[in-house]
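Presented below are the structures under discussion, each in the form of structure tokens.
Each of the two complexes below includes chain A, the first together with chain B, the second together with chain C.
After this line comes the complex of A and B, so read on.
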């Protein structure tokens, strides 16, 4: 599934890297611990978190995630948005709490673990 | 193409130029000679003399400006060319002093600035002249002088610029890497990390990732190195007053050495346990200090060695092995 479809299905507000919404979403991961995401997030995953500081961009970029969904209507810090823009990391905001965001994603077929989509995604 | 870079970097300057010339065959030079215009290589800073200039004054002009000839101008009009050869003939004949106007070549041959260089080359070989005046086609004014030396210098400069551009492209394509490693070179990158500087967290590892990518290394290896380096970088930021990350890329292996001078790890065994953390609460609130850093580093790498003394500092040596000897992937 493409990021753009997720955005419209969940009515997400796209805050950065609008040009990157054609990316395929391979799966999902939810965590607020950076090292946890690094250890267990897979390439192409959509990351659900409430952290808004700019290190989330570094983590998403290093682990080559599809994008970041911020929950509870939390907005990225200015520095975070700036960095995400320059590293082409889409950050999207949902008004819903994490539990609901993840539930809605799951309904769309975005699950944990790796799906074949992630492997096809040859993004570098 | 790949082999060329390797040869070039080992060769002496002379051999290098020869390699360069052979590599491009004659075609590149021919191409340039057609492509470039006379006014791209000519000298614009033209020393002119007047017809009434005494021949005895020419010596100083030629020697002073290190030139071997000059256009002769009457007001705005080009009326002739006087060369070092004319001057020597005059000296040799031991005549009385006379003026340039009587000794100069009057059937002035000139080139237009917008003519291709190949015309100049042809005219030089046909005429045997050492220089041509260059005239602007529209205004008819003298705009420069061209010698064979100008052509050679202009071509070499253009070749050098083109070669450099191609080298940059090649570098991006990552082909250089194989050649460099094949001749036993080690590439080193070093990053300084400031302690407590959360704003810049991950900067060094992101930069390193870009660098390794541009070398054309296997993306999976690059990812592993970047992740381990990120964890080490965040440890420097969270726990120390700063430190350095030194990265060595060589044949078949990448080594990342992370060094700091404070506070040290009292119990390395515990520190390696997942979930063990000494991070303060505010750090944990930001999602760091989860007690997974060293563990992640160990899982990403092929070898991790920790050398630490409480109060003195810590040195991590992280090793990554590259399959296929760093083949571009």
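After this line comes the complex of A and C, so read on.
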């Protein structure tokens, strides 16, 4: 699924890197500990967080994430937005809390770590 | 010049997560017993017990640095260390004005204010375990504006440490030093001055980890010079025990 579709389905406000919405979203990751995202986030993941510090851009670049969704209507700090523009990292804002954002992403077929098929295998 | 053994990150019974035994005379006695030459008092987002420990230290001729451990809105802990209580009290006003919430002692612990004889004189209702509205950079800035030294606390710890919360050190962060936890590696931070203190919340931990400075006298100005390697001052040792 492309980032642009996610933006439209969840009615996200795009704050930075509008030119990057054709990116494919491979999966999702949610955490507010950035060391955890570096350790466990995967390339192409959409990251759901409440952190607005400029380091979210550094973490997204490092991990090659598809983009960042800020929850609860939280806006990126100015330094964060500037850095995201220059590093082409899309930051999007949702008015919803993290739980609802993640639930909706899951309904769209965006899942974490393991694919739904792998989940099935584990259960059997 | 002489060497002073410093543990500049010690909590009192004001911090909800610290033990009630962390009262002024007991802290000073323990600090002297463990061979420290100077301590710093840094409770979470509050300095309401600093004066009492300073006074208890004065009675024993033992130097105490006034300080506070601030929580940034990213939940990064930063120590602010001051020359005297004046700068710290200005910072206290600013922090309290930007620290939402009310403490529930049942849930988070008591926040006891004591005098220099360890007598309980009150408590604060502020939610000291909460986060201020200041970003990490603003937190460092308000400490500097009030005349203090800013040290990122226990940066190696996953919770409330700079690296755990923010993944990596933000570019251009103007901290005066980085503190690592007791027994943590001191190497690996080539661009920063690294110190270690105990972060004691119980008496037996006071001095568990310390940094020795080569200075002219036991004061914050001298320690600041040592952190910057100025005028022959410097760090001579850092580690546990």
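As a convention for this text, the second predicted complex is superposed on the first by the 113 of 124 C-alpha atoms of A that agree within 3 Å, B and C clash if a C-alpha of one lies under 4 Å from a C-alpha of the other, contacts with A are read in each partner's own complex, and residues count from 1 in each chain.
Throughout what follows, contacts are C-beta pairs under 8 Å (C-beta built on N, C-alpha and C of every residue); 3 or more make two chains touch, one makes a residue touch a chain.
Keep in mind that this is a model prediction, so the values were computed, not measured.
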| item | value |
| --- | --- |
| Room on chain A for both chain B and chain C (clash or fit) | clash |
| Which of chain B and chain C A:64 touches, first, second, both or neither | first |
| Touched partner set for A:1, first chain B, second chain C, both or neither | neither |
| First, second, both or neither for A:96, with chain B first and chain C second | neither |
| Touch count on chain A, higher of chain B and chain C | B |
| Which superposed partner A:87 touches (first chain B, second chain C, both, neither) | first |
| First, second, both or neither for A:14, with chain B first and chain C second | neither |
| Partner chain(s) touched by A:24 [first = chain B, second = chain C, both, neither] | neither |
| Chain B clash site on chain C (candidates 55-63, 127-135 or 181-189) | 181-189 |
| Set intersection of chain A contacts, chain C complex versus chain B complex | 33-35, 38, 51, 53-55, 58-59, 62, 79 |
| Chain C residues within the chain A interface of the complex | 74, 135-137, 158, 163-168, 170 |
| Chain B to chain A touching residues, read off their complex | 198-199, 201-203, 205-206, 209, 213, 219, 223, 226-227, 230-231, 234, 286-288, 290-293, 295-296, 299 |
| Touching residues on chain A, where the partner in the complex is chain B | 32-36, 38-39, 43, 49, 51, 53-59, 61-64, 79, 87, 124 |
| Chain C-touching residues of chain A, taken from the complex the two chains share | 33-35, 37-38, 51, 53-55, 58-59, 62, 77, 79 |
